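To keep things clear, I will list the structure first and then write my remarks on it.
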């Protein structure tokens, strides 16, 4: 349908989209968007320590468990569509084929906005390589000469979602999104991540404190807009507007 | 009237608001805002070279001419209110009295957004000192204990308007505003600046090229929103939203 | 006593030291340090909104209440010595007299390390001006010609404690301190801040999440050093060591 | 001839050298330099939207048209030599073969200075990858063990020419070049770019405004060196001089 | 032996570890560490100009000479183990195989800390690519799913050692190490580098001046800790401590 | 004489100009410039530790000794004119009077270029305040309305000379000046600084290593311009040229 608004989240590993932008996903689904999540890998090698500590674990079993968790979280968030590109992790295999695959998805989705990781992450080069990959694919999707005849991409914003240690990544949010209305969905999605229970409260704390930042920035000591939970994002590209907010 | 939207521009010298945000002023007046412009000085010593080359020129005469030009430009833009604080220029006298005066204006206006110069300007320290002063006064206006009983300020955005050599100032616009509907007013205001005719075309070029940036960022090669003239601004504070654009 | 280790915290307003480094204070007191806290103001005008909303409030009463709260918090933390310089807030009066007063304190304390605010804070210029002031006074205290005959200051580290919105301030912690052993004291001190109850959980969340960062940086996915609560700091000066950690 | 001065411009797509440094090229040709332009691609897929909108267009035809335009522009500028490496665009194929090819060109040309794109470009990763590629090839060309016996490269400056949205790229010019004497040639070259007519005036505006920056930086309000048109560049490496300018 | 402390230095070319961290290596060997040095290449093509100027030189002979020099320097420093990965230089071949090789070494060594080059080096892209490679391999070595059953890596600090022109590389040391006790060993190692005699005094000067910085930062004008020679390093990751220094 | 070229160095304390730009001064005097040095203070309180350790020392005696040393150094360098503004140090008194005094000097000298400290110095706020002061005074000296009738200043470059710990100050040199021809004069001037003998070799090392940087940047491994001693500077403003170097 021509009027349907869409969004695309590019997540290096299967769980990243849950912690970092689960609220944005659930909220925009409720706002009528179709949100697509592309998981480049399952995080099967690098982000599944708990599973690997079990006897007789295999790569395929880890991938299966991780996929099920991610699918359950996506369901909890109401994600329209989740794709698993299975590119391997630690490191991701971001070659020409992966690029073609991702450009096809971008063109198919025609997202109003895109979302990915921070620009720098010395702890996890998969994350920053994913952002570089997202920019590269966005550019190709805009090229009239790439698969001529297909609808080319416009100029969607690329939002960078919150990394685990924000200050070390040089990530600076310039927009806070109120996710209070969908917090229950995000918490439910978080609880699908059985292998990373130590992070459940961490990201609940983050959401509460970003709620405080939302209130501060919307009103200061005079009392801002009430928000219990929020998420922060960094826009890479400038905005174009008809009125200053 | 309770619902009236307001804005406040703090301009180091009398002409700065014309070149740098004349479009934003005219546009928001048309959108129903009451825009107040506070000129800290007339730019009488440092930005009136042409006048000083005339025989027998005095400081008072320069100030008078500059005030008339600024008033004429403000009229062309439909500015609701322009205040001349006469703090002297090159350098500005930004002492405690000036602070009190500015805080009073801020509280009186209760601006939905504020606007001032870039954070760094090695060519013109008046400019960067004005931004520091604006932040300082914004903070005081938010204090419940400053003139208790007055209505305290909320948390308005501080937009930084375009400096003369953007890259040297470390200024990076993160929002472009389409000023096509009010371009004629801005050009008329520009032409009130008789003493700086060499800048008329410079800032027309800027507006045209920012229009190109507006188109690029709103649509890329797929064809963006049509905009002939635009202005760019850097937001200091993060935004708070209910939907990602 | 010659061997006594000392530390000095310079806090713009009366409550800053509680949220931002209460754990470091309590911990170092337990480690045998004498920690001195210098509050440049009570935050009486700008950080006491709740008090000002009461009928008939006066500046003196606000200062008195704020001093009592700060003193109670200091007691809870076991602070050795707290000084109130009463320099006014929003804005602070950081003139030559204030400088002399602070230099005297620095020389008297002879701190092994100092602590203050972030370098940049567009929300609160008192904070960044305090850091500039701390650097200035540290330099004067090192001068052999300032009050000749007094013991000059060595080269103590200046730690910058955590601001309210870290990313907006450009603050990047390069050291995490485990405050688990003294968390109860910090929470007790926090609860002395009756006027800012909305921040109690905020800073508890911060401490928990910094505990996670402590674990991550001490051990990664292999399991780091157990820490429930931590505080982060940014060192301005390089360290000098005899072995790499 | 031993004394012949040479320069090398590395352009990601066929048209980049025209908009961004056409003046520098024409001027240095007039100063007696032999300027070589290396176009890594024709911009056939990503920068030829207008051609792709024509019925029955093919990749080869786009490349042919783009090559003809670039050749015509090069002729207008008096370029000594233009090479088309045909590495594909969106994305460029910057592999080991491409590297060898470029190193051969660098060693053949032995440029007094080199020129390429900005270090960062989120809109167009081809641009920033080209700069990285230029640095890599410059390094290899300096290696005595690469094709031993060939003349190794000295230490030519790498100038970064002006990107389309300077502030978004973090590009900061530290040298302005007066191109007034060759402006007509640059405008003629610009007009060879039939497919991008919407940029003709944009880059004329840029040249005029950089002329203003030239005047400002050469003389300030006291009246600088007259320059109608200029181009800006960012030097990556420090200069070595015998007198300060 | 379980208690043995280990460290790992990743050096792009055979000589880098000598100039940049020879003191740290010798000192930690004396402190009881086993230090492993991994030389990715011999610097055979790009850093052996003097050898290539000899008649009839071949790549194999250059590599042999460079290996002997590096081995001699390692011996002078008391290096526990030096590995030559022979990945080629100018440019380094940092592919998947190289990655696997390096991850194996990291896991075998289980370093308490790691060390490599600066993040940016426009003169020598091998250097900055090595740092990126080190981060990538560190991440893989931490993955439980990489060669399951092997002992995974913890979270060792990555120190960046001093590049040749520090300011151009954006390198900022945040720790100085006193190498006075092992200076003789470092100088002896330096003198093993027969092909780069022009750098012997350069790096002696560096060590002396870093000694001055050590004294300054440990005591200021009041007289710091005596240090004749020092080395500086930049830590990428934050530290975790139980007491502030 | 109309054609006389002039330069102005603004030094926070009496000795700064010797260590940081003594070579540039001596060289430009030999090139026919008249160089004026303005010492804002003698460094009497903060940079005269050795003197203060003598019994019965007084502020006036310290100032006298420091003035004599600075004068002797100036003579050794062939400085045309040295002014002592006696503004006090630690901290400098940079008020309106000081400003007027400095603007008078700038206008009198009409420097082709100016020179001062780095933009940031957490060790010594006098240094960074001096740079801010220099920019402020440069701006006032350009104002046609400041003391109308006087010759206004053009747009001289402001060079920032080398601070003591370059990386901590965020100082990045973009020009190296060969001072080999005048090294003997600089060393002689350095030796006039009896109170800071511990810095003689430090700054000799700096000059030798900057000579290496000069050679590297003028020729790389192919062999650059021979330079034994050099000084580095950071230009704040962009250059305007007619040919790229």
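Chains: A, B, C, D, E and F, in written order; residue numbering restarts at 1 for each.
One rule holds in what follows: a contact is a pair of C-beta atoms (placed from the backbone, for glycine too) under 8 Å apart; a residue touches a chain by one contact, two chains touch by 3 or more.
Being a predicted model, the structure only gives us computed values, none of them experimental.
Number of steps on the shortest path from chain A to chain F, with steps defined by chain touch: 2. Among the remaining chains, those touching chain D and also chain E are A, F.
Distances between chain centres, each the mean of the C-alpha atoms, put A farthest from chain F. By count of C-beta pairs in contact, D-F exceeds the other of the chain pairs C-F and D-F. Put simply, the C-alpha centre of chain A and that of chain E have 37 angstrom between them.
Spacing of chain C relative to chain D, judged by their CA centroids, is 52 angstrom.
Counting partner chains per residue, chain F shows two or more touched chains at residues 46, 49, 123, 142-144, 152, 168, 173, 213, 216, 221, 232, 237-238. Chain pairs that touch, as defined above: A-B, A-C, A-D, A-E, B-C, B-D, B-F, C-E, C-F, D-E, D-F, E-F. If you check the complex, the residues on chain B that touch chain F are 44-46, 48-49, 52-53, 57, 59, 62, 89-91, 122-126, 168. Listing the residues of chain C that touch chain E in their complex gives 7, 24, 27-28, 31, 113, 142-144, 152-155, 157, 159, 173-178, 213-214, 216-222, 224-225, 227, 230, 232-233, 235, 237-245.
Chain F meets chain E in the complex at residues 46, 49, 123, 164-168, 170-173, 198-199, 201-202, 205-206, 208-209, 212-213, 216, 221, 232.
Those residues of chain A lying in contact with chain D across their complex are 99, 132, 135-136, 139-140, 142-146, 148, 152, 158, 236-238.
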